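You will see chain A twice below: alongside chain B first, and alongside chain C after that.
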Partner chain A sequence: MKKNLPPSELARDSRFVRSTIMDAIMDPRNQALAERDLGSAKLQPGRPAAADRARNLMHGIFTGEIQALEGAGRTTFDFDDDEAPFALKLDMARQCWDESRHVEISVKLGEWMGTEIGEYNEATFLYEAACATDPILRLCGVNRALEGLAIDVFNTMREFGDISGDPVLEFCEDWMLADEVTHVKMGSDWLRRLTENDPERRERALEFQRGVDKLFSLGGFRGETDENPIQLARKLRAMAGFSTDEIDEISEISVQAQEDARAMSAGASAPS
Partner chain B sequence: MSHAISLTPEAFTLVKFDAAELLAIAEDAATAVGVPDDVSIAIDVDEALPGPLIASAAEAVPGKLSFWFSGGSFEDPKRLAMLQPEMSRTELAAAFLRGRDRLDGGFEDAPPDGEISERQRAIWDVYAEGRLAQQGGFLINEPRRRYSYRLRCGFSDVADAEYDRVWKAPSLSWTELEEIEGRLAGADTRPEARKPLRHESLRPS
Partner chain C sequence: MADPRKPRPAFAPWDRREIPGLFDVDESARRVGIYKWIEMRLFETLGGWVATVPELDVKLVLGRHCYHHAWHAELWDKRLPELREMNTTRLTVPANDAMNEFMESIREPEAPELTIEKLVGVYRVLIPRKIAAYTYHLNATSRITDAPTQRSLGFILQDEHDDWTEGEMLLQSLIETEDEVDRASRRQVALEKIVLRAGGITGPGTLGDAPDSSGAQVEGATV
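Here is the complex of A and B:
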């Protein structure tokens, strides 16, 4: 079996259509929208088009779970025992089982909300964070950045279910959220253990995570203001082992990502 | 049959929609749902609003129906900024039915779309899409409609029973819709702040 599978070779059937994160950021409609006052961008049941926005996000969660499964699965296989301890691979195998259940739950939630598999396009930037060749970078990208984003997204969706009185959505998101907290803790624990005597490697891993966190902020998708659909879940991130300084840094990275996206969008719309 | 249909903008610049294709779909949808030939149709598409921001509004005066749509109403969810013909046909047909309701279909006294509650709009959307489902020939995602309705009207047995009735209703009036809304409001156990009020609109005022 091939090691270090590139995103282009992920197995998908004809229902799935790929998109890139740059397509979304460079969309000329972004600039037009930025010039309007559409009110809060938070994903809340009372907002216009809330049902379709929630359905879209639920499909994004579903494809994200597939990619998290693929990322954790590759980590159990891509590295020899001298590169990644067997116990780390056991953790990844356990995470694969969690992610598999999350995929199934997400499919059922999609059905509940009227969404078909492959109804929306799929961006593979989550899996791309799981392609680092150093297992510690990969754990930082997947378990701390990707699963950290999952905490923010699931918490937002759980609140959406709570406010709208949707018992199915609230219950399912709460269960998945608990798993994500564990996954982040796993990443944090292995980061400390494997870099205990190698501060340079630890800093490389954390720098990689900062880059992934910026990417995962998706030009303002996540943050702490009314302009961000997904809100940074500070309390749950703290439960998962993020320090206050680390959470503050992610918040700052999100602001930078939003400013960068605005500048890129404005540049793309400017007459040449 | 053919209708006098106008489309704004005449050419799209932010999305890759073909205006002529959308006009042809609109003509087909208008014919399919029986918009009279002597009723003109004006369609205004806000192409800056992408999917999944799906929203529309219908206005009617004798001899003329006017519609506003977000661009996301016609956008292929799989392909950024591309037109999805079948979905567009359904969105247009459902809006045309609501326009016909306002003209002479028992909704002549209904307030403008900007003034009705989210719950009223959700019921009306079920009535419109239910008729398309019964007529056949349209791309219908019934679970999507049900979820949108539940979000506005409540996740309860009472709400589900009303949904089933409205989905299959051969006819409905604004007065009857208000009565349904009253029953749904009475059965909605969610805290007051969680009940749908009229919220801000995507449509520029």
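Here is the complex of A and C:
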């Protein structure tokens, strides 16, 4: 078995349909959608499309959990003993089990919410963050950026379950949220330990994380205003080892990502 | 109420544990180091395979079992210094070249259509071999002096039996044609021949020495 499996080789059964993040961002219909004034973009049970949006998001969580499982698994395999410490690999193996459970929870929850595997497409950008060749870049991209986004998503979904009176959704998201805080803390701890005497490597890792954070902001998907469906979970991120400055930076990155997406979408829909 | 000052034996009448065991400290450490090496290679392999198997149920089981074997490796890593092996990487090695070749062969299949080959290697060859070696160690070592190893073996064997069952059930559900039966058999035969050359997963004497032709029993590595 070769090291560093490319995203194109992720194995799936016939139900899965793959798309790219650029397909979503460059969709020419985005401009028309953005011009509609529908008020807050937050997930609110009173909105007509709330149930469908929640199902779509749940399916996205499901495919994201599969890729997080695959990314953690590859990190146990891709690095030799001298490239990644034994204890780091043990943490990644533990994460494999956690992500495996999250996929199981997501399948059950998807059924509960009225969707099924393959109803929505799958983008592989989560796994792509797990393809860095330096293990600490991988930990920053996956555990701090991706799992950090998962904290924001699960917290938003937990609140949605609470206000919409869905105890099953709230229960499941609460449990997954506990695991995600653990995973982000794992990433923060390893970043500190592995780069203690190597500030250049630490900066490279943090720069990689910024890039992934911007990508994961998905053109305004995550942020701190009413325009962002997923809200930045400041308190939980602090529990997971993020400093206030780091959370502020993610918030700024989210704003920038939203502006970039607007500009790209406007460019795509302009007559040539 | 009984007199609390009345002398009682250190061992209750029903506690039949005895001191003698077949392994001295060095032999127990040698085996534990080999176990750790095998568990490491196994959890890495299962973790690597997760992304290469299209069957969703298999993918999730591999993710769960990956952690089981990582935990076993961690238990053995913690046991080594207690067996006077402070440099835990020194004994974290394969028993011999054939055993290294065996583990390389186990992890070789990569393509998404090779799930049967992947699972046969782990659940029909390696894990049964591990269960045999661990059970031998459990039965052969001193129940008093090497009790910490025995305690770990008990937890690990429980996992191994459960995982073996789950893996075998997956295999039986995946094998649907005579051709697939042949594929599974060919894979098993090829791997068994390599581990036979290795003398078992901890090398010759993995399950003790076989009885000689005179019928006299020659046991274990060290008495």
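Here is the rule we use: the second predicted complex is superposed on the first by the 272 of 272 C-alpha atoms of A that agree within 3 Å, B and C clash if a C-alpha of one lies under 4 Å from a C-alpha of the other, contacts with A are read in each partner's own complex, and residues count from 1 in each chain.
Going forward, a residue touches a chain if its C-beta (ideal position, glycine included) is under 8 Å from a C-beta of that chain, and two chains touch if they have at least 3 such contacts.
In this text, all values refer to a predicted model and were calculated from it rather than measured experimentally.
Room for both chain B and chain C is found when the two structures are superposed via chain A, with no clash between them. When the two structures are aligned on the shared chain, A:Ala178 is found in touch with neither chain B nor chain C.
Shared-chain residue A:Leu10: touches chain C; no touch with chain B.
Shared-chain residue A:Arg29: touches chain B; no touch with chain C. Touch criterion met: A:Arg74 reaches chain C, while chain B stays clear of it. Using the contact criterion defined above for the overlaid structures, shared-chain residue A:Ala238 touches neither chain B nor chain C, since it reaches no partner.
Once the two complexes are laid over each other on the shared chain, residue contacts for A:Arg53 go to chain B alone; chain C is not touched. Figure legend note: chain B and chain C, brought together by superposition on chain A, show a least Cα distance of 18 Å. Common to the chain B-facing and chain C-facing surfaces of chain A is no residue whatsoever. Within the complex formed with chain A, the chain B residues making contact are 13-15, 47-55, 70-72, 77-81, 118, 141-148, 150-151, 154-155, 189-190, 194, 196-197, 199-202, 204. If you check the complex, the residues on chain A that touch chain C are 1-2, 5, 9-13, 66, 69-70, 72-78, 81, 86, 89-90, 92-94, 96-97, 99-101, 103-104, 117, 127.
Residues of chain A touching chain B in their complex: 17, 19, 23-24, 27-29, 32-33, 36, 38-39, 45-56, 111-116, 118-121, 163-168. The touching residues of chain C, counted against chain A in their complex, run 40, 43-56, 59-64, 66-67, 69-71, 73-74, 77, 89, 107-110, 112.
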